[in-house]
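Note that the chains take the letters A, B and C in the order they are written out, and that residue 1 is the start of every chain.
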Amino acid sequence: MTCSAVDTGELTRARRQVFLALFIAVAVTLHLFETLLPTPVPWLRLGLANIMTLVALYLYDGRGAWTVSLARVGIGSILLGRLFSPGFWLALAGAIVATSAMIILYRVAGRRLSPIGISAVGAAGHALGQILAARLLVIQHEAIWQILPLFLFFTVFSGILTGWLAAGLLEQLKQHPAFQLTPGVQERLCK
Amino acid sequence: MPWNRPLIIGLLVVLLALTWWRLQPEDEEIRRSQLMMGTVVEIMAGGQGFDKLDAAVDAAFAEMARLDKLLSSHNPDSDVSRLSQSDHGGDVAAATAEVIALGLEVAQRSDGAFDLTLGRLKSLWGFDQETPTVPNRDALATALAGIGPEALSLEGQQVNKRAPQLQVDLGGIAKGYAVDRAIAVLKQYGVTSAAVNAGGDMYLLGQRSRRAKHPERFWRIGLQHPRQKDAVLETVQVRDRAVVTSGDYERFFEQDGIRYHHIFDPQSGLPARGCQSVTIIADSVALGDALATAVFVLGPQAGLLLLTQYPQAEGLIVATDGSLHTSPGWAAYQVTP
Amino acid sequence: MKTPWHFMTAGDWLVVLFLLTAALAGIAWVAAAPEGTRVVVTSGEQTLFIAPLDQPRSVDLDGPLGQTHLVIDEQGVRITRSPCPRKICISMGTARHRGDLLACVPNRILVHIDSSAEEAPYDLLSR
């Protein structure tokens, strides 16, 4: 690690940008990987990409989580060739509701919830957002709300799964020097 | 956090708006029916506040009962009965005068196809009795003597009869007028969505209110198919309009293979033969009633011609051969299939 | 790797329990809906097809992509063939309860169940 004349604030920002870009890349990959997986029911997805949103939320902040989730939807849709299609708007709405729910809960609950609890709520928010968008854009019929409970039921488990993976990953990452260094520590190291 | 604050605030606003939209209380809808004016009168009112709606519907029924007393030929004390019994006419209530004024106007414009003085003809045919029969020619001629658009005249609330034997029959138009007044009462109570239906003569106020899983929308009215009992000829959508249908299938009997129904041509005294049914959409039920009868008697061509004099009314005519004829503005009410 | 239980706090359990309860209550509520009597098929604002649920039949419905094949039998109504790419509508299974919904979004076909008493094609009959 070099320190020399680089401003530490600048260094932190650059480091953050590089890692967020990496998280986005991983999230997009997970997202694409998931669409290739066979599922018992086509519209059920695990939401593995949410792992990276959670990681960004825990390692950085809400803004980092927003960056990862929105970029993941955008880039994923471009790669799948469905940018601005109904599926895109559904995914975007799901991501927006999920990310808002997770950030708000994270701020309110803090350490009282692990990534698993946050992730479960995020997954439920994702389902809610998708159905909301579908109700407004695709199926203009109130009957669509009837599938929400079934969605919710599955999202509890997929949320626990992704939250668990995120928690494990976070444990590993936090031991890594790259994420242990707060600016103060850096200054001391650079002396 | 240069840009995520406005985003989060925006999201919260959207979320709040959606929650408000979801939580907007569902409207109540009450539906009550009573037997009056020889038919089933049903009132539906929708909106917020059950008690208010209930009181409004009570008042509307009360108003209709009051008018029924005034305008029914079955009530010996009614204005209509007193007029029929008197030699030269007399004073009537303001409501009665209003109905007669409207009836006379349509009678004149339709050259007597609509007539307020068919009381004797109707009792001769006896559609109100158990076994109606076809009267003989002489009896018909006697019953028709003196009728016509000039048989009655109105000065203020004073009705003058041209001949003492004339029997006033406000028939369907009184029913329509009562529906109009019931709607006026509902409006006074602040009701914005209601339907008053007196045996198929109806007025639709405002839009159909919000109910479970359904947004507010125009009223949809099915029009009875004149020859297939359980079929609908067409569906129309309206708001703040009267829908009235006159059909030869409503009351009829058959004798020697000929169908005799209850809508008479005042010229011959026989059932009018030009139409199977006529539906009028107009701004008042009383006008719709009068026009439906007049157009039915006139037949498709002359009937449509009469409707051109009434820009506030549109009509659908099913001719005797089953063909459909509509006035130019009718299409605006049609529900596109 | 550690089990999920290792990470989960009391708050997590509370959240999971709450979500599960909500989901199960919702499922129970939907399943308890009375059986419908009518199949209504719409495409956008248009009603394509209305049929009683108790008469077995099959019908082809035209959408922008082609024909979606619908079967009504004792079990209810289901989509058996559809030109859409992911066949989500087919995997939605059978609809029988009032308010149930089958949707083929790509082919813009929406099938839902209602009771004719509740939603006739018109509010009142003029006769």
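Going forward, contacts are C-beta pairs under 8 Å (C-beta built on N, C-alpha and C of every residue); 3 or more make two chains touch, one makes a residue touch a chain.
Owing to the predicted nature of the structure, the values given are computational and were not obtained by experimental measurement.
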Farthest chain (mean CA position) relative to chain B: A
Chain nearest the global centroid, as defined over all protein CA atoms shown: C
Geometric centre distance via CA averages, chain C-chain B, whole Å: 41
Centre-to-centre distance between chain B and chain A (centres being mean Cα positions), rounded to whole Å: 63
Centre distance in Å when chain A and chain C are each reduced to the mean of their C-alpha atoms: 30
Contacts with two or more other chains, residues of chain B listed in rising order: 213-214
Of all residues in chain C, the ones touching two or more other chains: 99
In chain A, residues with contacts to at least two other chains: 141, 143
Chain B to chain C touching residues, read off their complex: 195, 197, 200-202, 204, 208, 213-214, 219-224, 232, 235, 243-245, 247, 249-250, 279, 337
Residue ranges of chain C touching chain B (in the complex, touch as defined): 47, 99, 119-127
Partner chain A, residues of chain C touching it in the complex: 1-2, 4, 7-12, 14-16, 19-20, 22-27, 29-30, 33, 42, 86-88, 91, 99-101, 103, 105, 110, 112
Of all residues in chain A, those that touch chain C in their complex: 41-43, 86, 109, 111-117, 120-121, 124, 134, 138-139, 141, 143-144, 146-150, 152-153, 155-156, 159-161, 163-164, 167-168, 171
